[in-house]
Structure formats: C-alpha cells, structure tokens
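One chain, subunit A, links the two complexes that follow: it is found with subunit B in the first and with subunit C in the second.
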Partner chain A sequence: MRKYLRYSYISIKEYLAYPSNILAELASKLIYLFMQICLWKALFDGSTMHGNLSYIDTIKYVAAACIVSIIIECNTIDRMNQQIRSGDIVNDLLRPMDFKLMMLFKHFGNTVIKSLLIAVPTFLFAIRLISGIPFSTDRLLWGLISVSLAYAIHFLYSLVIGMLAFFLIVTWPLNMLLGAIYKILSGIWIPVTMFPEFLYRINMFLPFRAVYAIPVSLLTGSAGDVKGSILCQLMWLSVFLILAEFVWMKGYKKLVVQGG
Partner chain B sequence: MNYLRVYRRFVITYMKGKLEYNMSLAFELIANTILISVFFSGFFVIFYNFDCIGGWNKYETLFMMTSSWLTYSVSCFFFWSPMKDMGELVRTGKLDLYLCRPISPMVYLILEQFQYTFIPRLTLALVFWIYSIGKIAILWTPGAIIYYAISMVSAFVIYSSITVITGSISFWAIKSEAIVSLLTNNNYGLKNFSDYPITIYGEGTAVLLTFVIPYALTGYYPIAHLLGKTVPFPVAAYISPVVALIIAVISSVLWHMGLRRYESAN
Partner chain C sequence: MGIEVRNLSKTYRRRRAVINAVNDISFTVETGSITGFIGANGAGKSTTIKMMTGILTPDAGAISIDGMTFEKNRKDIMRRIGVVFGQRSVLCWDIPIIETFRLFKDIYRIPTNIYKENLEAFSDILGIDKTIHKPPRQLSLGERMKADLAASLLYNPDVLFLDEPTIGIDVLSKEKIRNFIKKINKTRGTTIILTTHDMSDIEALCENMIILEKGAIRYDGTLCGLKSDAHTENLETIVKNIFAGEAV
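Moving on to the complex of A and B:
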C-alpha cells in the first residue's frame, strides 16, 4: 500500500510542476461553468419549457456536473496510449506491482490535488453565480457514494479505452469519437432527462449516464430512485472490472515493444 | 497562379502520406463527423426543450451559429494546423526549414498541409445553414446579400487573424497552447460564446467579445442586424470590415516581429 501511495505522491508533484497549466485549467473550468449557467438561465428566461426538469433543478444540475467533472475526469486514456505506443510501459511492467493499481493511484493523487486547487475555487465561484438557489442536503450521503462509484467506473472505462492502444496504431480518432459520444450521453453537458424519448431509451442501456447523470441528479436531489441508481452503477462497475481484466490479459500477450 | 500549382503538388504529397496508413483517414473523417454531429444533436436537444434563447428562436440561432462556423471552418482549413504547431516549430527549431525556402514562410506553412479533418465540420455546417436559411425572416434584398457577404469575408479575416496572433505568440511565450485552447477549445473555448446570442452572458462578456476578442462580429452582430434585433452596441453591426482590417494588420505585424525575433533553437 505504501509503495502505491508513493505513486499518488509523484503524480501530485508532477501536477504541481507546471503552475501555468494549473491556472489555465482553473480558468477553463470557471469559463465553462459561467457559460453553462448563463446558457441555461437564458433558456429558462422567457421561454416555455417542454421538459420535466425545473429551472432550479437544472441550474443546480449544471453547476454540480461541472464540479463533479473536475473530480472524476482523468488523463488515464492519454497516459495509457502514450506508454503503450512509446514502449515505456515495460519499465513499469518490470516492477513487482500491479500495473492497473499503479495507474489508479496516479489518478488518485491527481484527483486529490485537483480537488484542492481546482474544485474548491470552482465551487466558490458556483456559489457566487447561483446564489439564491436552495440546496438540500438530504441525499448528500447517497450522492457522495454515487460520485465515488462514478469515479471508479470512469477510471475503469478510461483504462479499457486506453488499453485499446495495444491493438490499434492510431488512437486519437477513437478517443475523439468516444469523447464526443461521452459528452452528450453522460449528461455532463445537457441533463439526460431532457433527451427526446428514443435517445433517453437508448441511453438507458449504455454505461455513460452512470458517470455523470446518475451521481449528479442524486447529489442535487432530482433523481427519484436512489436504490435503482446505485444498483445500476454497481452493475456497470462490475462489467468494467471484468472488461478491464480481460482486455489487459489480451493486450499484455499482444504487447511488442520495439527493441525491448 | 504559381501558388496554385505548388499547392496542388503539396496536397498530392500530403494525401499520399496520409493514405499510407490505410484505414486511418476514413476513421479520422468518421470521428470528426460524429464529433460535429454531437454538437448539433446537443443543439437540437436544447431546442427540443425550449423555444428560444435571449429572444432568438431555434432557426435564427442556428443560422447565426452555422454562418460563423462556415467561415471558421474555412479559416481553420488554412490556418489552424500551422499555427497550432508554431510553438512546437519554434521550440525545436524546425522553423528554420521554412525560412530557407524561396516562398514566404507563412505561405509555405499554409500550402504544405491539407486539413481534410475540417471537411465534416464544413459540410455539416453548410447542411444546417441551408436548412435554417429557409425558415428565417430575412428579406434578401441585394443590399442585404452584399452586407451578409462582406460580413462573412470579414469574419473569415477575423478568425484567421486571431489564429495567426495566437500562433505568433509562440515566438515570445514558450507555451502558447494554453492560450489557443482557452480561445478555441470545443468545450470551454471563448469562441463557443459566439454560438449563442451574446446578450445572455451579460454586459462584461459582451464588451469582451465585441471589442477585445471580436468573436461576436463574426456572427452575432451581422445576423442580428439582418433580423432587426436590438443589440448591446448598435455600431458594432457596421464595423466588422474595419475591425477585420485592423486585426489583420496587427496579426501581420506580430507575425513579422516574431519572425525577426526568432533565433533557432540552438
């Protein structure tokens, strides 16, 4: 455990090494949050709403989604792609440790430092932007459990997609494609309850909503079924656990490192 | 004419290089198509739930958005890739290669690439542009058409100049990538503010997008003027050609200053 925690520590130091990047990331989050809040406020302002999410619920949802995204998002796909393509992965494979756990702890370190430096300021900015919107804490506990599950699901998903570099030569089009689908179906941009019927139905069978739509609606209290939501997340968590193990075993066998 | 011949040769060489990796070209095009489709799906999901935004209905917003996207895609087709790579070229000193050619480095940088990845964006924007143009209440008098055409050309110049300016910054700041993505990132870039009527973002942002980084001049003001909407700064509907000229001069000066300042990597 101690040796894995060292990796978290290293990734924190890596992150702190580029202060200008941290500032740019913070700026991007604040701009995005501002843009989203303005957009949805304007939509509700002077327009009749046909959907089933109220003004207050939408604004809360959008703000919470932005903050949760800071905690959940990870660069595991890029890291995996890069390590596999460059062959650097052998250096890590030689160590007497589990590679996937190592990636998890690196991501974990990243999350800790980002929560402090990015999520907290964004949260304060959000409170300023949407002051006057009531926020109930009834389901906060369930919400936090759900966010943790989403964290794990998203990490495993990224790991699986990242490991596809074992089989593909060029990975960026796939990442771009999945990123786009992810953007719309996960609910990070538009609350999934606003989708037209057919899109909503399709999305019910896909894992994307387990990462943002479920935890964020639980957090903000707009989700009806708590148990069902958590169960759905647990199901996707186990699916990705098995998938990650499977792809890892296949890819590991296929791995050829030039000159290695 | 000479440049056209050079360009043809370059495109052929560039595409030959790309086609060496058989499936990747098709895959890149598909990925880009889906990325842009997702943007439009999001747009339609929003307007499936709502009627209008900031006093603009769905078709008016779509027309504004696609007008500015069209010019943006054309501009990016030529300028985006070279300027995105500027930082890298300066850091590694590869820019030397471009300086010792018989044509100017800017022309060379533009001619030697062929950004087919912007074709899906261009095509989809065109499709929705045509779709929306029939459903909006603009009377296309000759005056309106000329006004629209001048605005779109100015928009192209404004977009290109902003891209060149961000590229030129790499001559001074070592890392200009952060600035580039703050402006043009698909999720949070400032450019996205100009997809919707800028009045929804409040006074400060309107000033910023009108007078500092004039993205609002590329779509919002001209279309608002044609539709007869009230805008925060009415004069801005007429200044895009002038602003385009000014910003083009600024970008050209910056670019040449940068080139003069450049002293290879080692």
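Moving on to the complex of A and C:
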C-alpha cells in the first residue's frame, strides 16, 4: 500500500513543479464557470423553465458539474498514450506491482492536489456567482457516494481507452471523437434532462451519464430515483472493471516497446 | 542466480511484413558473471533483454531465472532484477532524484540501514551526492546515467541488466561507470548482463560474450576464446568481420 501511496505523493510533487500551470488551470476553470452561467442566464431570459429545470436549478447544475469535473477528470488516457508511444511504459512494467493500480494511485495524487488548489477556489467562486451553495444538503451523502462511483467509472473508462494504444499506438483521433461524444452525453455541459427525447433514450443505454449526469443530479437534488441511479453506476462500474481486465490481458501480449 | 534461456523466439508483425527479431536462441548465464551482448543494430539484443526482464512476452521458448519463471513468479523475479536502459530514465523528470530513490525504497521494501549504506556507497563512487537534490531535467546525460545506475542498484538486485549504459557518455564518466559496475560485480556477486556498441566496454568488463546476428547466436563463449579463434587481439576487427558476414 505504501509503495502505491508513494506514487500519489510523486504525482502531487510533479503537479506542483510548474506553478504557472496551476494558475492557468484555475483561471480557465473560473472563466469557464462564469461563461456557463452567463450563457444560461441569456438562454433563460424571459422563460422560467427549460425541459423540467428552472433557471436556478440549471445554474446550480452547471456549477456543481464544473466542480465535480475538477475532481473526476483525469489525464490517464494521455499518460498511457504517451508512455506506450514513446516506449517509456517499460519503466512502470519493470516494477513488482500491479500496473493498473499504479495508474490509479498516480491519478489519485493528482485528484488530491487539484481538489485543494482548483476545486476549493472554484467552489467559493461558484457560491459568490450564484449567491448560494450549488449542492443540496438533504442527499449530500448519496451525492458523495455517487461522485466516488463516478470517479472510479471515469478512471476505468480512461484506462480502457488509454490501453487501446497497445493495439493502435496512435489514438488521438479516437480520443478526439470520444472526447466530443463524452462531453455532450455525460451532462458536463448541458443537463441531460434537456436533451430531445430520442437522444435522452439512447443515452439511457450508454455509460456517459453515469459519470456526470447522475452524481451531479444527486448533488443538486434534482434526481428523483436515488436507488436506481446508484444501481446504474454500480452496473457500469462492473462492466468497466471486467473490460479493463480484458483489454489489459489482450493488450499486454501485444505490447511492442517502441524506440529500441 | 543463473539464467537459462531455451529456444526463445519473438516475431514482430508490421502490416504485411513479419520480422523475426529473435529466432530460436538458447544460452546460459552463470551466477556472478558479466556477459556482454553484441550485435549490429536490429540484431535482437534489446528484444532479448526485454524478454529476459519480463517486459515482452516471447512467442516461443522459456526463460528461467534461478529456477523461477515469469508465468509463475513474476513479482519475485521483478524484485530481484535491476534494469537500466541507457536511452530511457526511470527518474521522475520534474522532481529531485532523491524522491525517486525514496519511491524505490518503498517499492522494493529496502530496510533503512541498507538504503542508507547504499546511498553512501554510491555517493562515494559515483559522486551522486551533488546531484541528488536536483531534478533530472537539470542534469547532464552523464550525471543522469549515474543516478539511474544508482537507482537500479539501491535494492541490491541479484541480476543487473544494462542496455547500452555508456551511450553518449564522456570518456572519464565512462571509466567511472565501468569501475562501478566491476566493483558491484566483485563485492556483491551481482550477475551482470550488458549490451553495448562500445568494444572498450566489453574489453573492460566482460569475461563472456554472446554475439547476435539477425536474431540468431553467432558466438557464445569467453572473450579470450573468441580472440584465440580469430588469431587477433583486436576485438573491434573481429566484430566488424562478423557483422560483415565472415565466419568466426
């Protein structure tokens, strides 16, 4: 356990190595949140409801989604792509450890430091912007459980996509495509309840909403069915656990260490 | 630890081309010896090393390290081998080298007294105490290489694999690195397997050598044996002739 935590510690140190990057990241989140709120304000101008969400529900949702995204988003896809493409993955494979757990703990270190340095200031900024707390307090515990599940699902999803580099070597075109679909369908930009009927239906069968739409709805108190939401997340978690193991077993045998 | 390699093969498939990188090779490395791997670029040296360190899965054949195999004892083997790739660094690029050493201390569960002892010994011989608190990105290639070498020996591995450890290193640092490798081999009995393109590395270090050509073994024996077979003392000439396709 200690050795895995050491990887988290190192990823915190690495994150702190370039302070200007941290500032830029914080600034981009704050500007993004501000623009989102301005945009929805303009869209709601004159009307009270869109879909089944009111203006105040919507800005609470986008603010909560922005904060949750800071905690959940991970660079595992890029990290794996880069390591496989350059062949530097050998350094990690040589260790008497589980590679996938190692990646998880690297990501976890990143999450800890980003929660402190980016998520907390963004949260304070959000309170100021919407003059209130974006989370509902009565289901906070379920919301937090749901965020943890979403965290795990998103990590496993990234791991699986990252491991596709074992087969494809260059995966950025795939990443771009999946990234775009992900951003729309997960509900990080637009609440999924505002989708047109057919898209909403299709999305019910896809894993994307388990990462943002479900936890954010629970956190903001706009979700109806708590049990169903958590069950849905648990289902996708098991699917990705099995998938990650499978892709790893197949992909590892395919590994070609590039660059001599 | 003795290493046994039996009928090892590895093929790379690139689109329609099939490349037999390593083709049915067998050899034995004795415990405590230093063995040099030589071969032209693309002869299969690195592929062989990568299979012997468990990174690549062979298509056929078996590798046993002191009776253990990667299928059964992967983590045990990993704990007992050290690997240095001259072209890749294990050191974390942006943070002081000491952090990587601490990481290794935890990964390999190095007892504190041994960790300290080794750190002191490496500082004496390699002079890494001056660079240990700097991140690798601020170091010269030679300094980085020394730190890499130290990292892979911190946990007293039984076998040390060195893949072109002196690539791009100046004469003086090269000599330091060679002396260090020799000393580790003598004092700790570490089995050392080394690939290089620098014949003076081989002259300075290796008793045994294996010459690979197009994925097959051309010579497996002692350095003295090779010289007497070829009736010359000049290793560079011998190797050049072999690469050019002449018989040993």
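In this section, the second predicted complex is superposed on the first by the 247 of 260 C-alpha atoms of A that agree within 3 Å, B and C clash if a C-alpha of one lies under 4 Å from a C-alpha of the other, contacts with A are read in each partner's own complex, and residues count from 1 in each chain.
Here is the rule we use: a contact is a pair of C-beta atoms (placed from the backbone, for glycine too) under 8 Å apart; a residue touches a chain by one contact, two chains touch by 3 or more.
Please read all numbers here as calculations on a predicted model, not as lab measurements.
When the shared chain is aligned, no partner comes close enough to touch A:Lys250: not subunit B, not subunit C.
In the superposition on chain A, contact of A:Arg6 is made with subunit C only, not with subunit B. Set against each other, subunit B and subunit C differ in how many residues of subunit A they touch, and the higher count belongs to B.
In the superposition on chain A, A:Asp88 makes contact with subunit C only, while subunit B stays out of contact range. With both structures placed on the common chain, the touch criterion links A:Met97 to subunit C but leaves subunit B unconnected. Contacts of A:Arg201 after superposition on the shared chain: neither subunit B nor subunit C is touched. Look at A:Ser20: by the touch rule set out above, it reaches subunit B but stays clear of subunit C.
Overlap of the subunit B and subunit C interfaces on subunit A comprises no residues. Against subunit A, the residues of subunit B that register as touching in their complex are 21, 24, 27-28, 30-32, 34-35, 37-38, 41-42, 45-46, 48-55, 175, 178, 181-182, 185, 187-188, 190, 192-193, 196-197, 200-202, 205. Taken in their complex, subunit A has these residues touching subunit B: 20-21, 24, 27-29, 31-32, 34-35, 38-39, 41-51, 169-170, 172-174, 176-177, 179-181, 183-184, 189-190, 194-196, 199. By the touch rule above, subunit A contacts subunit C in their complex via residues 2-3, 6-7, 10, 13-14, 17-18, 87-88, 90-91, 93-97, 252-253, 255-257, 259-260.
By the touch criterion stated above, subunit C contacts subunit A in their complex at residues 12, 46, 50, 53-57, 74-76, 78-79, 81, 83, 85, 87-90, 92-95, 99-100, 102-103, 106-109, 135.
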